[in-house]
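Structure in structure tokens, see below.
So that you can tell them apart, the chains are marked A, B, C and D in the order they are listed, and the count of residues begins at 1 in each.
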Amino acid sequence: MADLLLHLNPGFYFIFAGILCALLPVNIVRKSLLVLTPVFAAFMIFQIYGAQEVISGVISVGPQELITLRIDRLSMVWGYIFCLAGVLNGIYGFHERCRITDSSALIYMGAAVCGVFVGDLLSLFIFWELAAISSVMLVWMGGEGAYKAGIRYLAIHVLSGVLLLAGAVIYGQSNGGDYTFGNIGIDAPGGKLMLIAMGIKCGFPLLHNWIQDAYPKASITGTVILSAFTTKLALYALARGYAGTDILIYIGALMTVFPVFFAVIENDLRRVLSYSLNNQLGFMVCGIGIGTPLAMNGVAGHVVADVVFKGLLFMSMGAVMLRTGTAKASELGGLFRSMPYTTVFCLIGAGSIAAFPLLSAFVTKSMIISAALYSAENSHAIKDWIVLAMLLFASAGVMEHSGIKVPYFTFFAHDSGRRVEEAPWNMLVAMGLASLLCIFFAFPWGGYQFLYSLLPYDVKYHPYTGDHVVFQLQLLFAAMLAFAFLKRIGAYPHERRAEILDFDWTYRKLGLGIVHWMSEMWTRLSVNISRVSMRLIKGTGQKFYHIFSPAGTMSQSTPSGFAAVLTAGMLVVTLIFIYIGAS
Amino acid sequence: MAKQKSKMAKAKLSDEAREAKERVEAHPMAVPFLWLGRKSVQDNFIFLPLIGLIITIVLGLVFPPEHEAPWDFFASWAVIGFCAYSAVVFSAEPLFKLLARDENYYGEGSDNG
Amino acid sequence: MTYSAEMALALTLLIPLIAAPLILICRSQTNIREAVTLIAAILLLVNVANLVVTVAGGARPTLLLGTFAGEFDVSLTLEPLGAIFMAIASSLWLLNSLFAIGYMRGNNEKNQTRFYVFVAIAISAAMGIAAAGNLITLFIFYEALTLSTFPLVTHKGDAKAKRGGTIYALILMGTSLALFLPAIVGTHVIAGTTEFRVGGVFPEGTSLLATSVLLFLFAFGIGKAALMPVHPWLPNAMVAPTPVSALLHAVAVVKAGVFSILKIVIFTFGPAVTAATPMSTILSWVAAISIVVASLIALRQDNLKARLAYSTVSQLSYVTLGAMLAAPAALVGAGLQIVMHAWGKITLFMCAGAIYTVAHRTNISSFNGLGRSMPWVFGAFLVGSLSIIGIPPMGGSWPKYFLMVGAIDSGKAILLAALIMSSILNVIYLTPIAIRGFLKPPDNPEKDTEIRAIAKAHPWVIIPPVITAMGALILFFFAGPISDFLIPVLPLDSF
Amino acid sequence: MSLISFFPDWMLTHGAAFLVVVPLIAGAIAAILPKRQIAAALTVAVSFICMLTSLLLVLQIIDGQTINYALGGWDAPHGIAYVVDGLNAPILFLISAIGFLVSVYGMPTIIAEVEPKKRAPFYAAFLICLAGLLGMVVTGDAFNVFVFLEVSSISTYSLVAMGASRDRRALTAAYNYLIMGSIGATFFVIGLGFLYMETGTLNMADMAVILREMEGGSRVSEIAFGFIIVGLGLKLAMFPLHTWLPGAYAHSPSMVTVFLASTATKAALYLLLRFVFTIFDVSFNYVFDVEIYLLAGLGMVGMILGSLQAIFQTDIRRVLAYSSVAQVGYMLLGVGLGTAAGLTAGYLHLMNHAVIKGALFMALGAFWYRYGITRVTDFNGLSKSMPWTMGAFTLGGLSLIGVPFTAGFTSKFRLVEAAFLKGWWWAVAIIVVSSVLAIIYIGRLLLAAYFQSPPEVNGHVVAKNEAPLLMLIPMWFLVLLSIAIGINADIMVDLAEGAASVLLPISAGATP
């Protein structure tokens, strides 16, 4: 029995627990499941994985074999961090009484965990889609406003899924039916399709809109849960399949830069955080593109850090939303008076994302940037330096939207006059734990070393070198100075309520407009076609009627004389035939 | 009360009075930090990064960068940070003009208030 | 008489056929009448289950019913593909009978006895199609199915029903007599037999032109497969009461059509001959276009049943596509699609019927907030939708995978685009239906409270769709056994 | 065949002559009989005896033998020989059996349709017509064919005209028929004259032998062939020469319509087969040419145009009349195919169509009998007011369309198969189109009958009023026969193959 458990993908525990939750009416049991399942799953990962790659749980479906369990150093990181996020989210959502959220959250987490621990592309596809449908429930739990966003979310994720499937099938069939998920590369058959599929899920530029569309509309706990898994699963897939693919460097660099500009004008702070998420994903995509051991370590480490600090930021915004009912910067301000703990946690999160020394991103993001720097140094290619510059710019940009804007407009700035309760205890515990982790992961004496020991490659990298600390601080202080300066001179823009257009305009407005227009044209066309065809049918019918009806030409009671002539004519014809035949 | 009313009529609350009021409403843990809301504090906040910046620039001489980018010079990271940040902020206005629409632009209702 | 496999085969046809007059006899005692249907359905299911086991063991029970017109055998031979069709038709007959009881009583439909009688006869005909041993037998039961379902389609008896029924009968009878029958004759002439044989019957060296023409005639002559442009009968048949739509237009009739195409491709042409025919490429394109265009039309329908009908047109073409690709994986995919779509679509139709029975609503735009009053129905609908879309872990995802593999194997990777587009369109036209029920605020809240109370009074329109929805989900885990079951009918060299 | 032992010996020897003589004499007697009832009984009895006799003939020839009967003991070529072989025996049986059924069926209808004082002459004319038809089929003498052709035709004209009390248009129809029929007969006899000139004999078998010796003969025999084809074509309502048929079918008494539709054209078609295949021979170029191009071509044109015309008719009898024109087209196509399979199919269709059309016209007669229905629109709700009759009509209609398990399917299927075998894909297409048109004209009637409500008279829905049993029984007998043929056509196929083997002795029985 125990042996059997060692061949079971730990993600299944989540899924079982999720199904159980769907049937359980007792809230407290569900909540316990929500917290305990990730712990148990993490324990099982620890039991299963012992420094050696584990491949197990092979199921055959028809001609196809599904490898449902494959743990190696790369996937292990994702597995643990997903479990960790599961615990945090479980605690964070403790106050909520919603069976659907609980069960779909568990299934969603399970899908993500399963997704990283499977060994073939088909299983990946299955959990890819399972993650999509379970997570869309969380979006829809956001209520009426999430109705259409959820459908768009689902459509986009289904698109991502079928593209993945299509790519996998092309890839697998060209490999003689081998669907093992290893390094794919963009030039493999089906490679581009799968890259696009993963790109959709991790928010490549122009494919990113579902994040900013759906996340801010999900329920409070929903957004927090969502932020941890979907995009990270996609990152895992990229890291597994496309490490060292050059184009990802540029895509990633672009991804770090463009959200900065949207975040600065966006009013909805959860959407700001969504852009920020996109921007952090950019660093990781870039790291995957570089693909050196250092970069890959940076990616894995940054995933861990990002799950925690981005979760923390979403949690703090969620707490604010729970208490105030809004997450719009224009409506908030001065909340540190009412929610001091939340303020502190949010600041820790902000500091982490901005990569202050002693906070988590400092030890992880720097690996990616260093890797970019080294590769630029090695190649001396101008494009690599441009990438590095973009990453640096984005680092300063992060400081703007997540490091300053989110905490500042929520907790400080102009007092909105809102006096609310502090967040519920469970949220505070979750945020506190996350904050601790943010600090722990960057703790110079044992913290980051522990984090590094989990990473897929053995690389000696020291984040706390003098120059690194100093120049990072230089950058951040300069950014803060700029903020204060611009604020002082009144150049810093006020927050205004607005809908900010992004690329999704093309399908939500332009595409929809075209569809409506075509539908309208179709209606007119079909009306016309049916009219023309009716006329045609009627005309033909009439013509036939004129010929064949009792009053028609063919049935007129022919005078016998005519019939006789006809008979004679017939004779002539017959004789002609005979004549031809005989001669 | 009358005193308070007359002050309100002046339409400007002094920090002390405001904090006194806030002290009642605020979370107990926040009480010691209410000074953060003062205008003077917010106005003088600028010195914190300025001092930090100066210190780190000086320290930058002590710890020279191990790997230099082609654009690196003395205090270059500070310049990058400042410029990048300012660029982002200054881009906000034109971008807003370009991209901002009414909140119910897509006709799906505004999300969460 | 001992209970042999041949006997069981005969019983599959006889049980519903015997049930029909019994139902008629018991028409005054409605409870007994319904009991007859249910008992017959259970007996049939047990019997079919037994047959499935027999067939899985490698047996191919054969039964000669008779010879007519001198040379045409009416014979039954059960092979795995037919057994699968039998299994879904019989199992869903049982569930649908439960649903029909709830629906017909809930809506006080007239002529209920006639309804049950003809459903039983139609099931018998469907069983005959499943087990047909040759083309002639297939054709006979095909026509019998058309005729026996005609009174069901026109059940309401009003002008609209008559019009729908007329179109139904004209297209189905017309295409079958004008195209299907000549194709059978042509096959008989060229191959000298109409029997179904593994690997096909056409002798080597049959001209490509001949096979092309025949394939064309079969594809469009089997109007029940609803390949565009012979699909209009299906939306028009939606005038039928919902249990009819559910059983016949998600399972028996439409599946009989695509099943016939699949069977003909596998057993008359043989996959190799099919794939070698240029017509199969053309038809696979026609199927792909049907998939997409029908989805687009479905998108524009506000009437739920109309939308489901076009969705069915689209989904049926998956099977046709699989058959025309003729690669082993595609054929397995087509077989799976028959199963998975049946369970998914019957769920949707039953939900539509439940919504109609409880809330008397037919238009999707009027479903706002209804999900809160009828959560089980809308939940089942959502699950059914997801299965149709083909998202794991719903049964509907496997056929798509196998079809994709088949498309790659037969070198038509471009057809993946149609499958991808279809998935997206399915999301767009199916998911909003259920979600609207849950998320949009009700137009008339008091009415919805009332509906909640009414829903309690109609358990039998609600339980069956929930069961089939669960079935659609559970079937995901049975794709392996089903495809293993199907593989013996395929030429194995390339699998 | 043990059945033969039930028949008396004299019948075995004189059956062929008996078949013609008995109705002829009975006809003369019926004309002078005072009472209708007696005449009716006589007719039923005589037609029954004829049926038995022809059954005996069929039983005798079924294993391929030929009966030669020299009338009055005068041997051919000088005497008149009656020849019964695989080709004509089934037709003899068909004609006499239909005659029997019709005479039973006619008992009630005659009262309704024919004036009392004309009833006995009506029966006389009917019997004479029966004798004429049987005679022209049974005889082996070409001129004797003409004689019987005229006997049957003239009695038919009067039978048609007797519909006048039911519908005055019967008179014009009869007149038209008379003119056209006479032209046909004249053409036929002119052809015979030429043929006699060429061969110097009137005995068919001798003619055949001589023509083969002459390898088709000179221009004279060619012209003879032309005249005969056109003459017979007119009699069998070959497409452009069918103009007499709808009127004659539409306005004559019901019983006559049934009888004509089932037998008259069939007898003429038999003659066509006899002349084209046995007297002349398809190995003659000109015969081959006419067969392949003219007969098949006109057959197909008739199939389409006849069906189209049927669709647009308002009078139900005309619908079926034009349908008959189309169905004759099927048979001609079978003939035109010229292969054993084609001939078998055509011959089978000939017999099946007689059964089907007989049943359908019987149903129409019953509708008229009860409700005076003549128009398509009057079909509304008939399934409710006359369920059994309508049921018979429905099954007959399905058979006409060619739904499996009906006689129509069996023969159409074989025809399609034969066309495939010959490689005439386009002919298949035409058969298919024509069948679809048949669905339309039959479906239109069925839809009205089953989907419309019965008309209201004075505010009351017309009462259910089923046809009398004497009409229903023959009707259902034919319908069930058509179903039986659809299910097991072995006997019919054997007969048809026997006929084909007479026509194409070389490839006898070699159906692929």
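Here is the rule we go by: a residue touches a chain if its C-beta (ideal position, glycine included) is under 8 Å from a C-beta of that chain, and two chains touch if they have at least 3 such contacts.
These figures come from a predicted structure and were not determined experimentally.
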{"item": "Nearest-to-centre chain - CA centroid comparison", "value": "C"}
{"item": "Whole-Å separation of chain centres (CA-atom averages), subunit A against subunit B", "value": "31"}
{"item": "Subunit A-subunit D separation of Cα centroids, rounded to whole Å", "value": "79"}
{"item": "Rounded Å distance between subunit C and subunit D, as computed from the means of their C-alpha atoms", "value": "45"}
{"item": "Subunit B and subunit D, separation of their C-alpha mean positions in angstrom", "value": "106"}
{"item": "Subunit D, residues touching no fewer than two other chains", "value": "none"}
{"item": "Multi-partner residues of subunit A (each touching 2 or more other chains)", "value": "144, 146-147"}
{"item": "Interchain pairs in contact, sorted by label", "value": "A-B, A-C, A-D, C-D"}
{"item": "Residues of subunit B touching subunit A in the complex", "value": "22, 25-27, 29-30, 33-34, 36-37, 42-43, 45-46, 48-50, 52-53, 56-57, 59-60, 62-67, 69-71, 75, 77-82, 84-86, 88-93, 95-96, 99-106, 108-113"}
{"item": "List of subunit D residues in touch with subunit C within their complex", "value": "401-405, 409-410, 413-414, 416-417, 420-421, 425, 428-429, 431-433, 435-436, 439, 443, 447, 451, 486-490, 493"}
{"item": "Footprint of subunit C on subunit A - complex, ascending", "value": "59-63, 122, 125-127, 129-130, 132-133, 140, 143-144, 146-147, 150-151, 154-155, 158-159, 161-163, 165-166, 169-170, 172-174, 519, 522"}
{"item": "Touching residues (chain side subunit D, partner subunit A) in the complex", "value": "172, 175-176, 179-180, 183-184, 187, 216, 219, 222-223, 225-227, 229-230, 233-234, 240-241, 243-244, 246-247, 284-290, 293-294, 305, 308-309, 311-315, 318"}
{"item": "Touch list for subunit C against partner subunit D, complex", "value": "66-70, 136, 139-140, 143, 154, 162, 166, 169-170, 173-174, 177-179, 181-182, 185-186, 188-190, 213"}
